[in-house]
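What follows is a set of structures to go through.
Both complexes shown next keep chain A, but they swap its partner, so chain B is in the first and chain C is in the second.
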Partner chain A sequence: MKNKKINPPQLIMAVYMLVLLIVTVMIDMNLADIINDALIKWAMNGVIVLSLIPMINVGAGRNFGMAVGLSAGLLGMVFAVNLRFTSWTGFFSSIAAGSLIAAVLGFFYAKILNQLKMNEEIVGTFVGYSFIPIMNIFYTFVPVTNRQMLYPIGGQGLRPKVNLDIYFGQVLDNLWQIKIGKLVIPLGLLLFLWGTGILLWAFSKTRTGMVFSAIAENERFVQISGISVNKYRTIGIVMSTVLAAFGVVVYSQSYGILHLYDGPFMMSFPAVSAIVIGGAGKKKATVVNALAGTFLYQTTYLLSIPVANALLIPEMAEILRTIVTSGIILYAFIFERKDKRHEVREK
Partner chain B sequence: MKFVKNNIVPIAIFLLTVIAFYYSEMSLNYLSAEVYTRFIRNMLFTLALILPVTCGMGINFAIIVGAISAQMAVVFALDLNLTGILALLFVVGVSAMLSVMFGFLVALLLNKARGNEMIVSIMIGQLSSVIYQFIFMVAYGTVIHPLNTDILLERGIGVRSMLDAKNISEVFEKILPFKFEGKTYTLFPVLIILVFSLILFYLQRAKIGVLAKAVGSNLSHANTLGIKSNRVRSICIIISTVFAAMSQIILIGDFGTINVYTGHLGLDTFAAAAILVGGASIKEARMRNCFVGVILFHALFITSPMAGQNLFNNPSVGEYFRSFLAYGVIVIAIIMNLRKEKMEKERILRETLK
Partner chain C sequence: MLEVRNLSKQFDGNYVLKNINLKIKDGEVYGVIGANGSGKSTFMNILNGKALIAETGGYEGDILIDGTSVSIKNHSQSTAHGIAMVHQELALFSGLSVTRNIKINRENIKGKGTFLPEFSYVDYKKDKAEAEKVLEMIGAQIALDRMIDGLTLNQKQFVELARELDNESIRLLILDEPTSSLNITETKRLLECIREIAARGIAVIFISHRLEEVMEICDVVAVLRDGELVSTYEKSEFSVSRFADDMVGREIVKAERKKKALSREVLLSYDRTNGTDRRLNIYEGEVVGITGLAGQGQEQFSEGLFGLKAGDYQVRFCGEELKKGDNPELIKQGIYYLSEDRSGTSLFLESPIWKNIIFGTEHKHPEFMSMPKLLPLSFLQKKVIKEYSEKMIEELNILCSGPEQKLRELSGGNQQKVCISRAITFGPKLLFVGEPTRGIDIYSKELILKWLLEMNQKNGTTIVITSGEIEELIRICDRVIVMYQGQVFKIFEGNIEPEEIMLSLYGRTADEK
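For the complex of A and B:
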């Protein structure tokens, strides 16, 4: 908690959100609806953003290859839906199966990234990109028996979008809802998000968590003191991958649709952008960074939709979102250079 | 044997292409016609990647910016109702100007993000692509009022997503046409590619090429020698952007219509995959890598969906396979490059210890 200063992206996003908020109030949007949606969007995307933390803290960069973990989560859900598991059985068996697959995939992902220290981000991006077509081939041939998941014609290959409503759609969203007037607070969903956050925070206080930050700070020093850096990096990367699988299950149950094929293609950039907005550095990210950043990022996107519709240009919301996403990531990379120079001088 | 070892990637892709061609059951004439079209549309993009690779910046995914400037120039020409050779000259001039300007900005950002150029260039490409979309979707009709209102959507805001670029394609069709398999193709793009290849050939041997090589092989040595490395890197990026702009003009001229919002997307990945398939690495690229790579990659690109259809009764398998190939080859290139660097370092260490 040393760095409490508000960084420029946070400031810009806060001002941007304020402007959007004023405009939405001016065009007579219902504020209660907006708050309800904002809370759901926050928790829906929050776990995915939290999944970046272990990898950043172990010094393996921001996980641009998140598609690996996301695909594992999707596979877990394919498994659960294929067995027609509903409600909580479906949700938890998805998470269980997804994290098992994610652990295996994460291990191999870590093998690749451990060879390519300092280049994790660019390699991760393309590992993620190239993993998606592999998964697509898998989705085309996977022997699934649940007819609702298959293409209606031909009966081979999964549909790109599978409706989850009759399985476990919104199961977490509807848990322990508190209704105050028009406000609906999805307490269960929020508790799940915060619970994951608290676990991650607690993890950072354990011995392993301490070693993580030591590696991020000075890898060579840790290596000399006899600790296997690659082992801890593998743990961090596997953790990130498993959490990404968790995240996509939470995301999909809230979305109500299982989005396969190119669904995870562009999910890593918004997540990275969110954690940067929250103030995470290249080698240090806290749970508060992730949660605050996700809230700012998702709420501004949410607010920009009615504004864009009011201006009769609905495409604008998506364009503005992408401008924010890539602009923030660009800022992070260009700003980072100062830290790097600092390190070189210390050596 | 050494030849095989040094050219393992192109040879593997060549074998894959032969297999895919065999199972696709296409005629060789059809394939060569398709490859010809894709060759002229993508060749200059791939050539544009050479100089940034030489000066050690990796693959410049920001060539999208060059494509964007060409698209802007074409829309402007349509807006001004220009036709014939005048339109082509206008497009070439304006896009060259814009791409020099944008290239300079890209270089400015890339020089600040040393060590992360590749991923930063991806982000620059994405950002500039959405800003460009924003301008033509929102600003046109509200802030900018075009002379030619036909290019606008019916609601009066935003440019149509497909515009007829006949003014340029007419010029293209008239120069050196030839008939093949009943369709008319032209040799004009090949002529342009030839000219630009010669320019690049000259640049590689001129002062800038030598300096780029010095900067690329060892940045700190180059700096101590008094080479202004940032300036060299900027010039390389600007040249690369201009090449990309010219390539996009060829693409639009050959295609005959312009996809205002999507015409520039994906070109960077194809170019990167092509140059790496041709045997280049992220530290070293030659012109022959480009020519071999473009032909091989696009031949595989055309044959693989049909091969997938015939082998698995499913055309999408081939499509997935080719996109896996396009991204996967980039991962493999980076891994191989870093291994090579590591081995080199160990060798130097061993020699100094002796």
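For the complex of A and C:
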């Protein structure tokens, strides 16, 4: 890591987390429970945050249209649950089916974003927002035969929430658990997260990875060098979309519930917020940025619930979370704008 | 009226203006001429109080108006001293009427209140009357209510002139290439107008590339070369050849290139340029220079080929038709382009040197890859790349701390050397280079030229250089193509006389001196 500078987001979040931790201990919360939960939260959200990396590095901005990939992952799980696949079969067939759908959707998503360069983030937000209602209609008439996924009355259309416990809920969470006293370390889950991270890191070191960062830095130069910029952007966007599908499968198995319909509505903001906290810029993000950011963000959120509930109004936790999430994204925008202006003046 | 003493200006230690001394009288038309990059625009920018000057450390020396020293730090100070400038690129509000444009910021106001004066009502009638008076004075007949959009270029030029003249405290008017986009009759009108302005006692600084106009209208002409004022001529001493001589400089450095028989094998040809039947051939193994004044279309051949700009021609490479802007195919054929816009299209400023040296050359150097067969997913052979970069850094004398240093931290000359070393790594059949020596110190200049020649002589690379540095082109090129008004004006070969090139830059030939 060359960029060792700690920016205000990291500092604020770290201090905030520390304060929360002290308060938590003061109100007699069980520290082991908190650590257990923090690890689970970290890994279950981590893959989704990692999915942002290819798109940022290829210069296509932070994937605010993540709903596309998430929906693909949800469809993959619908497919697996419909066939009543359980345990690992369910998990992996969800991932396989989800990736396939994500690759196709990602291709068209990339087509849209390549038409509207420089505005990927706002365009992505709207692609995501418009895609969810389309999926909602789709969920209502998708021909599913597994009655457990259908509305009990009428038997038509998928339920908003499908319980995964009898299929593949927690299958990854429970893999290779290490128990030390009250501490439970979900090694399998963590290895999955780290493995994805290591693959992404290795990818960034390949020639394609080098071209990715080159595009983010100077697209015209890459173009002149005889490399098709749009092709690489498409690859990056498809990668992000597929990884988002991966991420939602990991998330859902941990959550134990398949949350359809508006489930993916508000998932991109926390993910973007997390990677920004981790120190990622608009055009450069590392695996360390994503993992550190997710840990900080999720742990803070986790700690704030009991603390807020004990000390403040019960709903305070959700309010705080929204303020922090949106505030961090706003900060990132302002910070980048400032940087840009600074550069212009230097010239 | 205006006196300038020892005016100098440096950008990062490079002096672009050196000890300029001149005096301009009231009512005088003062011509300033010089080749591209001779410091004309810097001089004007200083007088006009451009923000760029103050931001880069201000100027040295004194500017005196009516004998008292003044300092010009920003545009409003310049205006307060009665200095006005009409730019080469017009600065008008296209959605406003002629009157509004002329009176902008000097509107007549009805009943100016003490309270919120910004919201006072504008007296459009009075504005119109005054605008009409100014336009009449310069002899332009333009309907006052028309929108700028609908005017011809000539009319716009007059509106801009009228706007500056409407300011009654104006003492000095600077005209930067006012005729560059006008035709002959329009030019005539404008020149007459300038003379009338001067007759009213306003001093005019007239910058133009068209020498005949300068000779016609100016009372005094100053010639700038490499930031120095080389000579000043009174009206009686005017001559085009003198101007040309002074602009190039008399001392012509000995040619570096080895004379060789020019191959007549056509490597690349531009057919039907600009809709005409003309054809431009690039021969195999030659070094050819393309030059011209700013904006005469000299970049169309390289930038058009690589799809950065529209180019109105068909291209054939080794007899095969090429698609413009199909860069992967161009690269595959071994055509490489180093753009004059280094930071914009030829460098990754935030990346280390090694990446800038090898980028886009991997398919020619499998040794840079650890698993060449897996090409797109192969890891990089960092050790080999580093050694290679170190070798390049040493050979081209790139001043840096090592291959890991970021490009942004290098000087312009060293950045250009990195570009050249990438071209060497690529080993093209045909290399296009834009302004290879712009903004570079003399020592690095020679090194870069030397390497370009070496590529040509050792590897047989055909090189096309687009540059405004005529003296350098003469030294290293087998042929020099002069562009004028978007067309190939003349092609020089063999022993090239710099004066002849100078004249042809302005669309003239030697025999019509």
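Definition applied: the second predicted complex is superposed on the first by the 337 of 347 C-alpha atoms of A that agree within 3 Å, B and C clash if a C-alpha of one lies under 4 Å from a C-alpha of the other, contacts with A are read in each partner's own complex, and residues count from 1 in each chain.
Keep in mind that, in the parts below, contacts are C-beta pairs under 8 Å (C-beta built on N, C-alpha and C of every residue); 3 or more make two chains touch, one makes a residue touch a chain.
The structure presented is a predicted model; accordingly, all values stated were derived computationally and were not measured.
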item	value
Joint occupancy of chain A by chain B and chain C, clash or fit	fit
Inter-chain angle, chain B to chain C through the CA centre of chain A, in degrees rounded to a multiple of 10	70
First, second, both or neither for A:I313, with chain B first and chain C second	first
Chain B versus chain C as contact partner of A:T208, first or second or both or neither	second
Touching partner for A:I112 - first (chain B), second (chain C), both, neither	first
Touching partner for A:I227 - first (chain B), second (chain C), both, neither	second
Partner, of chain C and chain B, that touches more residues belonging to chain A	B
Partner chain(s) touched by A:N30 [first = chain B, second = chain C, both, neither]	neither
Shortest CA-CA distance in Å separating chain B from chain C in the superposed model	7
Residue numbers on chain A that touch chain B, as the complex places them	64, 112, 115-116, 118-119, 121-123, 125-127, 129-130, 132-134, 136-137, 140-141, 156-157, 269, 312-313, 315-316, 319-320, 322-323, 325-327, 329-330, 333-334, 336-337, 340
Contacting residues of chain A [partner chain C, same complex]	202-203, 205-208, 210, 213-214, 217-218, 220-228, 345
Residues on chain B engaged by chain A in the complex (per definition of touch)	58, 109, 112-116, 118-120, 122-124, 126-127, 130-131, 133-134, 137-138, 155, 157-158, 312, 314, 316-317, 320-321, 323-324, 327-328, 330-331, 334-335, 338-339
Touching residues on chain C, where the partner in the complex is chain A	55, 306-308, 327-332, 337, 339, 344-351, 355, 359-360, 362, 369, 375-380
